[in-house]
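Paired with subunit B in one complex and with subunit C in the other, subunit A is shared by the two complexes that follow.
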Partner chain A sequence: MKKEKVYPWYFVIGSVLIYTILSLVPGIMGIGYSFTDWSAYSKEIHFIGFDNFVTVFSGKKDYLRYISNTITFTFVTVIFKTGLGLLFAVALSRNIKMKNFHRGILYLPSVLPILVTGLVFTSILNPKTGFLNNFLRTIGLDFLAKKWLVDPKIAFGSVMAVDIWRGVGYIMTLLIAGILAIPDTYFEAAAIDGANAWQRFRFVTIPMLRQTLAVTIVLNVIYGLKVFDMVYALTNGGPGHRTEVLYTAVYKMMSKGLYAEGTTISSILFIFMVIIGYFMVKILTKDEVVE
Partner chain B sequence: MKKKLVSLLLCGALVFSLTACSGGGDMSAAANAEPAAAAEEEAAPAAEEKEEAPAADESADAAADASADSSAAGTTITVMASQDWVEDAEQELGKKFEEETGIHVDYQIVPADQYQDLLLTRLNSGEGPDIWGAQSGFALKTTYNVEENAVDLSNESWADAYSVFSAEQTGVDGKNYGLTYYDTTTDYYMVYNKKLFEAAGASVPTTFAELKDTCDKLAASGVTPIYEPMADGWHLLMLWTENAQVHDKKNPGIIDKLNNNTATFADDADMKLAVDQLKELYDNGYFGDNALSDEFADAEGYLASGEFAMCMLKPGAIKTIVASEMNTEGYTEDDFGLFLLPLCDNQYLNIHPTGPSRFIYSGSPNIDAAKQYLAFLLEKDNVQYLIDEAADVENIPVEVGQTPEYSKTTLDFLSSYDDDHSGMVLQDVVLYYNEQWMDINADLAALFIGDMTSDEVLQNIDDRRAELAAAANDANWK
Partner chain C sequence: MERSAGSKTVQVILKNILAWFASLLVIVPMLLVLLNAFKADGETINMNLQLPKQWIFSNFATVIEKGKLIRSFLNSLLYAGAGTIITVMFGAMAAYVFSRRRSKGMNVVYMYVVLGMVIPINYVTLTKTMLTLHLTNTALGIILLYMALQTPFTVFLIYGFVSKIPVELDEAAILDGCSPMQLYWKVVFPMLKSAIVTAGVLCFLNCWNEFMMPLYFLHSSEKWPMTLAIYNFFGQYEMKWNLICADVLLTCAPVIIIYLACQKYIVGGQTAGAVKG
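Coming up: the complex of A and B.
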């Protein structure tokens, strides 16, 4: 029997050290600072207990709305990105014409910098001069021309739609890799047993993709909770505060020099993400088939 | 191979098409000014044609300083500013500066709605640009920590030529840290199209009731009354604060009380009235259908087109309006006039000596080169070049022998208000107010879309003032 090779423990020293210095220590310090009055206006830092947390959850400064917006953004974008990504992945993992071309086109938005995408779309979605409304007017669909980024009723939806457009290709790519890793024999066996396309998708593809789906969903949830640049570039939280999310609020707090309040929100988000990530992985990988 | 090539070309085309349609942002900053009472009578007519930046031999006196230190040659200094704070003429001067000194000037111009956050993030993280722009005034000490983040410029060669009023606003505790390089000799006023007013049978309003009547008449004539560029996130608040002198006149001592923390915005009926009147203007449709997405950069064009009848602008903007390619009606400078927006029936001229100013970052490795640049800008020929070439600049707050270009409209308008009928704008006299400029603008937008009430807007101002005061350890807030 071949003995399993175990590398010496000191092989990990380098990476643990880098992780500790660059990630763990600043993270813990950030949580620590959220219990202080650290700001740019005073050189002294005082311990103030849970005051910053009370401020965030008291509802006085609209943070509850930002939390709600962040969760809505995460929920909606994860569902649409995953759903559409899965749809495209299934379609483009078959032998269809120009499938690489279609994959490339769908994946392309993901490689564009988010800020660039955001700035491009602020121009496209301008109600007066934007390409989208001009196009709609040209083809006689004037009633569909909207104030995409400034109408309070649809601004947040527009932001989410742009983000879904940008992210769906990435999810699709991960899921295509997952689908292609499923041995053909499963599909062949199901077909021989009389399973139709939907049944093969439901009882073969989905279960075999569970791990990949878990990874993509967790990644997207974390991305959604941390969303900043897309909102910043498209609306900067407006109109009013209608599309403000937690990290745009953190950015504004930090840039005002109110560091402690900013780190408090970051800390809350960090705890959220750890909890959500843990349970999602747990749920999505439950009953996983171990080979 | 062919497939790959096609894919590559398609990818390139898509990226190109996406980037090609990106529009420019814009904005500038808030107001400024200094009593333009000193407005030179010899105001020269605006230069009609584009001149080249003064040749090297023309600015020899200035170049002396700049070229004296050749050790900086080959370096690059960064100038970070909000959009509209850097005129094209200054960028031309920057090229000239490079020719003379070998120092390259890299202008980092940021959309206004993002500028302050970005600048403060850089300053607070110790990564400031060599020269940074900021509004002068109270906020320099609290928001920008100018004593830590900027170099003392009190003894620069141009210090004596720099306006005392401006030096007070860019200084802290007797030291001057900045240079106001902006036309603060006038402020923002309502620029209106006389022909459109006349055609609508509207007159210049002096009360809020008259303003509504004027707007109704303009709207009835098919013209949108007021161009209000809210997308940039800084302009809207000016409609109030540049016309808030009336609060102190009606209620003497209110400013001191606000600064002593014995009065609040939320408890002041006049402040509430001003905010409510702003909302009324919006609700009545006087700002048009797209105010939330309208941008400041388009203001002059829309006024030139005759689509809008008025906008709060600096008087120098009239030249730009007339010169705009959207001026298809052939409007001349005489077709535009100035008046004060009568919010709360205000008829007191706004004085605003603060404005976008330049500061040299204390952590910059290129402090000497940055100082050279500022000295270069203030050479007589270069100041004159800015005034001649930047249509909306009539003068800047230095005296180096330049000839200002105040129009007759500007001079007539300013001379119609005496000292008793003028006052400093709110952001120059109320502590912890200018620091939250963008926040208040966002709150006003929220008010317009029904997410907040005027009471909440004013309460937020008080809350943020308290927060800033507490962070600054202000004894009046303890």
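Coming up: the complex of A and C.
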């Protein structure tokens, strides 16, 4: 049986072609255009070397803040989603009543349209009429009623909190599957050796979850670096660019006609993500070989 | 012995408090949307958990009419439906060949496709590409974009399932005189059914929820899917939260129905890649 004949190459062509033309080619093209002065205001495009990169990294135009915001967003949401996700996963994996109810409810936000979640939270977090502040005032915690999305000091925290609310159930679900894949005998053996709950968690659960944790963290890093819908719906980058992330900034540059700068920011992200992607693909395809 | 039984009870209580606290944090915002969708105009200036004084079902009719939701529902259905069908159809064929061939060249192409799960879209140059191909502001354009976005994960997911189908089946079919096409459609494809459903459900949800592609590439309002329609409705009726909540419910209803009906597939598909089986 000749593999080349039985499994013909043209079976892969449809997927590879569309993916290449509409995802990868623009990415590579973008790197080329980063070295030009492409904009909506001139028909000609000139090669200008590293000028765009200098503009981005010199800090003249706030671009560095968008980059650092994106990294902060990614870092903070990944830590909280993973930490809380792990806590919920441990609580809901075994020996608890109504576990399917809790699991189902906690997972639900991650299947809803992110944009719609964001819109609903603009109402909940409204300083005057929002549900959260009204609730805090009702129970006498007036001092906690903040201008969640308006106060420049806490707006970004609020955006991250809503995204953690949305994403924690997804991590939890992956980790529950990971925990349930650990053979019961491991926990029993540890219990017989006198390990308490914390020790079983620390020395059985965590080491056995290493692979799943790695994948969930990488997936969330990818999500965080590409975040758009949530920020766009909640604050659209405001107040005063305090919550601006890369993709919301690129959208604004596009509408201002600053194509070269938009593509430069996108290309920085692109190159960075290809490097992450290399490791991600390695992790994901590793267990295929073992099988 | 006694002490460990006592600490066990404490653990169970703590677990339950935690689980209920977390679930309430998710339920309250959803209940808020549900209740306020039925309230009268003046009643939703402060959104709260009180029952509506009067249940106003006509909010939904108002939103469907003013938000032109039937059209955007059909648009969403077309984009997500057609996007899912072509993504999964081509994706399954590709995954099958990648998984069976495993030659060095094919492995590189497979990794190249899976890399798409990570790499970000450059919307600036994609705009140029879309203009060049005359795909901007067309249904076909959006469907192909959804395919480009969803193909990597779909291929990755189905690839894992293909390796569980014994190669001996292929050999027997070839000996019986099947062509490669017949082998795939008559022998392999039926065995991939659960993988295809899993990949299809996830793909459909992702396409339904997609917002950024339509925002960039669909300029005329009669082509908007539901996510873009609700965003614009929100802009126009900013203070009328009863109507916005009704719109939110209608936009999320298909997703929630699919979630309830296909929870097994959704969770199974999401975990397939992440958890070493």
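Convention: the second predicted complex is superposed on the first by the 254 of 291 C-alpha atoms of A that agree within 3 Å, B and C clash if a C-alpha of one lies under 4 Å from a C-alpha of the other, contacts with A are read in each partner's own complex, and residues count from 1 in each chain.
By our rule, a contact is a pair of C-beta atoms (placed from the backbone, for glycine too) under 8 Å apart; a residue touches a chain by one contact, two chains touch by 3 or more.
Because the structure is predicted, anything quoted here is derived from the model rather than measured.
Novice: On the A-aligned overlay, A:123 touches which partner chain: subunit B = first, subunit C = second, or both, or neither?
Specialist: Touch status of A:123: both partners.
Novice: Considering only touches as defined above, state whether A:254 meets subunit B (first), subunit C (second), both or neither.
Specialist: Both partners, subunit B and subunit C.
Novice: For A:238, decide between first (touching subunit B), second (touching subunit C), both and neither.
Specialist: Only subunit B; A:238 stays clear of subunit C.
Novice: Which partner, subunit B or subunit C, is in contact with more residues of subunit A?
Specialist: C
Novice: Regarding the shared-chain residue A:147, is it in contact with subunit B (first), subunit C (second), both, or neither?
Specialist: In the superposed model, A:147 contacts subunit B only, not subunit C.
Novice: If you stack the two complexes on chain A, which partner ends up touching A:114: first (subunit B), second (subunit C), both, or neither?
Specialist: After superposition on chain A, A:114 lies in contact with subunit C alone.
Novice: Just to be sure I read the superposition right, which of the two partners does A:131 touch: subunit B = first, subunit C = second, or both, or neither?
Specialist: both
Novice: Taking the superposition as given, does A:41 touch the first partner, subunit B, the second, subunit C, both, or neither?
Specialist: A:41 sits against subunit B, while subunit C stays out of touch.
Novice: Figure out whether A:105 sits in contact with subunit B (first) or subunit C (second), or with both, or with neither.
Specialist: Touch status of A:105: both partners.
Novice: Same subunit A residues contacting subunit B and subunit C, which ones?
Specialist: 101, 104-105, 108, 112, 116, 119-120, 123-124, 129, 131, 232, 251, 254, 259
Novice: Could you please specify the touching residues of subunit C with respect to subunit A in the complex?
Specialist: Against subunit A, the touching part of subunit C is residues 7, 11-12, 15-16, 18-20, 22-23, 25-30, 32-33, 45-49, 86-87, 90-91, 93-94, 96-98, 100-101, 103, 106, 109, 111-130, 133, 144-145, 147-149, 151-152, 155-156, 159-160, 163, 170-171, 174, 180, 183-184, 205, 208-209, 211-212, 215-216, 227, 230-231, 234, 241, 244-245, 248, 251-252, 255-256, 259, 263, 266-267, 270-271, 273-277.
Novice: Given the complex with subunit C, which residues does subunit A contribute to the contact?
Specialist: Touch residues, subunit A against subunit C: 1, 3-9, 11-12, 14-16, 18-19, 21-27, 29-30, 33, 87-88, 91-92, 95-99, 101-102, 104-109, 111-116, 119-121, 123-124, 129-131, 134, 165, 169-170, 173-174, 177-178, 181, 197, 211-212, 215-216, 219, 222, 225-226, 228-229, 232-233, 247, 250-251, 253-254, 259, 262-263, 266-267, 269-270, 273-274, 276-278, 280-281, 284-285, 287-288, 291.
Novice: Can you list the residues on subunit B that touch subunit A in the complex?
Specialist: Touching subunit A from subunit B are residues 3, 6-7, 10-11, 14-15, 18-19, 21-23, 25, 113-114, 116-121, 124, 142-143, 145, 231, 233, 290, 292-294, 435, 439, 442-443, 445-452, 463, 467-468, 471-473.
Novice: Looking at the complex, which residues from subunit A come into contact with subunit B?
Specialist: 37, 39-42, 60-61, 100-101, 104-105, 108, 112, 116-117, 119-120, 122-124, 126-129, 131, 147, 149-150, 152, 232, 236-242, 251-252, 254-259
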